[in-house]
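Below you will find the structure I want to go over with you.
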């Protein structure tokens, strides 16, 4: 069930059978010559929607903007500061907790969000911990679809070393499976982009990674591959979500 | 063109022919017995996507969360504090301005966002005004799809006094046109909900408006009506956008 | 009764007979060639003081600084950022609510404050709504003296199209009635200033409105007119305040 | 010259002959059984207005709210948090500096503001110091009218040990000289209130100081004494202001 | 060279031969029955001081407080909120960058700091990336002493499965080597504490981990072991620091 | 007892016999040609450690960074903004209060911290005062070691006018007594540095005080003198701490 497509009474009824929710979180940032700016939001959204429909899990609205400061030298990137994203997550979790949700599972599509989302969880729990909060336990977790076992094995099988670290053929494939109308045919040079660290500012990042790719060859991407990643992603995420609910 | 479905090079090329962009902004909040929680995000998104496709305007990712504190006593509502939304918009505009966008048109679906979005514009401009900023002019505007002339006339013709102020048949229709799979058949009692002011906290709001509607009868909504609102909304918004670009 | 001229015991006694208060809020910003920098604070202050004295309503200290970033290219303008003004209002309301005030009526003299003050109200209520606040209802409203019916009719009768949007003859008149020692005789050219939008940064604003006026001819202002605006303003505001108290 | 009663062109002309300005800052807080809630704002305002008129110094609008958290258990007190007051002063100074003011003299009426105002000055200068600011020197100072030599001597001569630390006969006198219509005749018991520290929360403060006075007997106050404090205060402040301008 | 024990001229001279600096960062939090509250600060400080002395690297003052919200149900824990720690690191890095430091190496002793410190780095770089910063490259990295190869191997060899995740025998040993006067002899029951996740609030954490240990048996700690961890830690950190300087 | 060297059970036991704690707070800033960058942290830390050991008082971790913006033009200075230091102190006090500490005594080594620390105390108490906090009384105080009677007399006796205001021979002596390995022999010219105000930005400060000293001759410093200042400082601070506990 998608929260955006439900009524409040349907949410009220859902809360009677579960207090867990999946919140997709991504980013709006360059993904190389043939990858979509929305890749990191589209991928977890596609997985979450499929999972939610098949397994009666409520899926909240996608957080389309993430922490993408290092990509800002490429047109189209829109980044939140970490402090802003922390505030967004604090208000999001506060709203959900008010309704009685106790297990909030952020399904993430962007490595650059990981530190900030975990810092946000600590900010939220700190407020409770400083005040000797005596209310219900609140469980928060971040799950990265791209680290699921099935998906990792598939990427390794299909792309080997050409998977790389950003604008990977696996995420480009998955985003294309969700949006086949947006498939792009673009030549890459060199076939596999240089690798390196992304912990720097935007100007330095673009000097290191001139076309935006990091160690990948996304010309290997296809809609068909993407459909397999979607299936693997749903199974991986479902396993993680069930473990989280305990 | 949707930013989420473009590559950075496509954005770079777009910037050669236009420095304007449309950013849909909505809310995630209860919309009465048959309205979707995502109504206020779905409506401007649907209008923006149609407009963007037909008229070569770049459309950014939808801001799904808005200022909805007064709806928090209804399950499913997720609200940002005004200070959080101001930070989100400051970072969004800062990212876009860095790429050279000069005219940023927020296409809004939620009355509760208006004050905060305008405060955010002032926060952004204040930073420039205090520092004797000498860069390019930056134009920001908020346009509410539900105040467009064509849409207003259509609502008046179709629904008259049953349009009301929240969970209106026009917005419910438009959201259903975008998501026909989510149409709900729910009886309303009384047919037209009581009206009143929404400037209060969540507990008071729910006391005043027990099923979430404000002065409306959304049982009049239909997909067919929604298609007409979509068409009217695109024309209204296009007119406003062109006037904004000057 | 003016709070600034009362003792705490007098306030304690007032709270026995009323939990409402009027808080004047203005701005410190240029008002064209013959308008006072303090116009927007002086006008609501004058109305509030007269109303408070005649009708036993407590009137708090005037908030002299408002959101005036667009006027910063004119010497003498002092602006708060929206985020700062929100913090000021949050602390002001928090202090008053602690004493038992339940109805806080901000009597405003500056259009540029409207969005930010309403965002501040939402920020304050959000804190209550997120926390399932179970205390007393807290009512906050913003009333703009310059939108009162009697005042609008008087401006229309006296000035017609020369009223304009900023540095209007009506507000200049009222400020002069409060401070006749500060009347200025200055020639205007052109008689009626150009109109336009104020939603921009300070540099752009000054380019659009070279002498600071927007669409007005304040050379029509006079102390005598101001006395009539004061009387109309008191009646308009009293009506609004009584409706607010319910 | 009062900024609130000047036009922007008059400010522009003033800046040709001086880049100094006096900003009165006070508080809105209980001042015992016969002292006005606005005492701490009224006193520096009265001194600043007299000084400004006699000596051609520009005087900005009064900051009526200060840091008065410890007085919040007495009705009528309105306090800003220190962080809020810092933001107010940052924006105030930023606005004035933009116009070319280089020497900003805060004329203070409230001991409780001293730490926060000095912290605000450091916050403002830190922004410049961290960034290797290369612009004009910006001089900020805080002057407390109640520590001037002439005023101290007068208080000692008139009241001796009955002067005390809060709700003093000297400040009550001065506020009455500015507002003779607000003189109150109230019996005090005991004649001289107990002394002690104000560094605590509001509940503790009221326990320590049941009627709000700290070590003072303000029944000794009079309008006539107040006129002498006004004269002494103007001379003290003028001396300090001239030394500040160097 | 320790910054705290140097003069500013010595720092000036150091900057001629290197623009790198090591900043120890820890936490103040419970470490089980025989571990010191300061363990996480003492360990990186001891390694940094030894490294700095032997290899002419400047070592800044230790950040003693970290993000330890989950330990707050144990007396003695002092935690910063993530947002506070981000502000501390922003100011620290801003100060160092102003002096010309280009490579700032945070030597960390606390797993709970990792997300927040990386979020802080992103906050700092975002400010540069949003503004098209054209200054020198600024390199920031976080190195956790407890993940160094030599140290890991030593812990494995000495403690095997009894190393655990918090209040480990390796960190307790190292802190004792730095402070032999603080060695404690305390019986543990059970010998190896239960394991689990620390991503929760303080009350939940204490329920999960009643004596504060996570999966460890720190009764195996000794000063002698600690001396070996110090030596291994210096070699591991030096290798990482040199790689960071490139 | 030093908190950093205690276990949580030892802290728990301490709280049975006392709810007071001493928190050393300093700064990291230039101290002239022969003074250590860490002087302002080292001095209160040395006094606190000696006091704590001799008199069974718990001493928390040293806050090494303070408000030192005016020293930022000298290499090695690391400053927190006042707003950052306020947040650090708010979290520190919040953590300690949660454990039951009621009397928190900040032992300070830096004049530049005074305003900000007092503003922080007000920020903390304001949160309690606005909310009608009904918990235990929380006492906070700032004590500056360099204003103790015994220390003042000793400085006067040993150094007379050469004591000055910053980089004084007394603080340099005390820091050397704590770290004899860091004694520096540096010639000073002129012997006594010029005096003046430190309330300015960093660039201005360095113009006024070219070698960093303010009115002092720290060539008079010695380890022996420092040992006497340590003894005097412990006695002064103990007296103040006992008075604070009441």
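Worth a mention:
Read from first to last, the chains carry the letters A, B, C, D, E and F; within each, the first residue is number 1.
As a convention for this text, a contact is a pair of C-beta atoms (placed from the backbone, for glycine too) under 8 Å apart; a residue touches a chain by one contact, two chains touch by 3 or more.
Quick caveat, the model's predicted, so the values are computed rather than measured.
A repeat of the D-F interface exists among A-F, A-E or A-B. It is A-E, with more than half of its contact pairs matching by residue number. Distance from chain D peaks, on a Cα-centroid basis, for A.
Contact count check for B-E and E-F (C-beta pairs in contact): higher for E-F. Chain centres here are Cα averages; for chain D and chain E they lie 47 Å apart. Computed from the mean C-alpha positions, the centre of chain A lies at a distance of 54 Å from the centre of chain D. Computed from the mean C-alpha positions, the centre of chain B lies at a distance of 29 Å from the centre of chain C.
The set of chain B residues touching two or more other chains comprises 72, 79, 81, 83, 91, 95, 98, 130, 132. Chain-to-chain contact here is organised irregularly, matching neither a line nor a ring nor a star, and falling short of all pairs touching.
Taken pair by pair, the chains that touch are A-B, A-C, A-E, A-F, B-C, B-D, B-E, C-D, C-F, D-E, D-F, E-F.
Residues 91, 94-95, 98 of chain E are the ones that touch chain D when the two sit in their complex.
Of all the residues in chain D, the ones that touch chain F in their complex are 67, 69-70, 72-73, 79, 81-83, 86, 112, 114-123, 125-130, 132-134, 137-141, 199-204. Note for the complex: chain E touches chain F at residues 2-12, 15, 28, 30-38, 41-42, 60-65, 72, 74-81, 83-84, 87-88, 90-92, 95-96, 98-100, 179, 181-182, 184, 186, 212. Contact residues of chain B toward chain D in the complex are 130-132.
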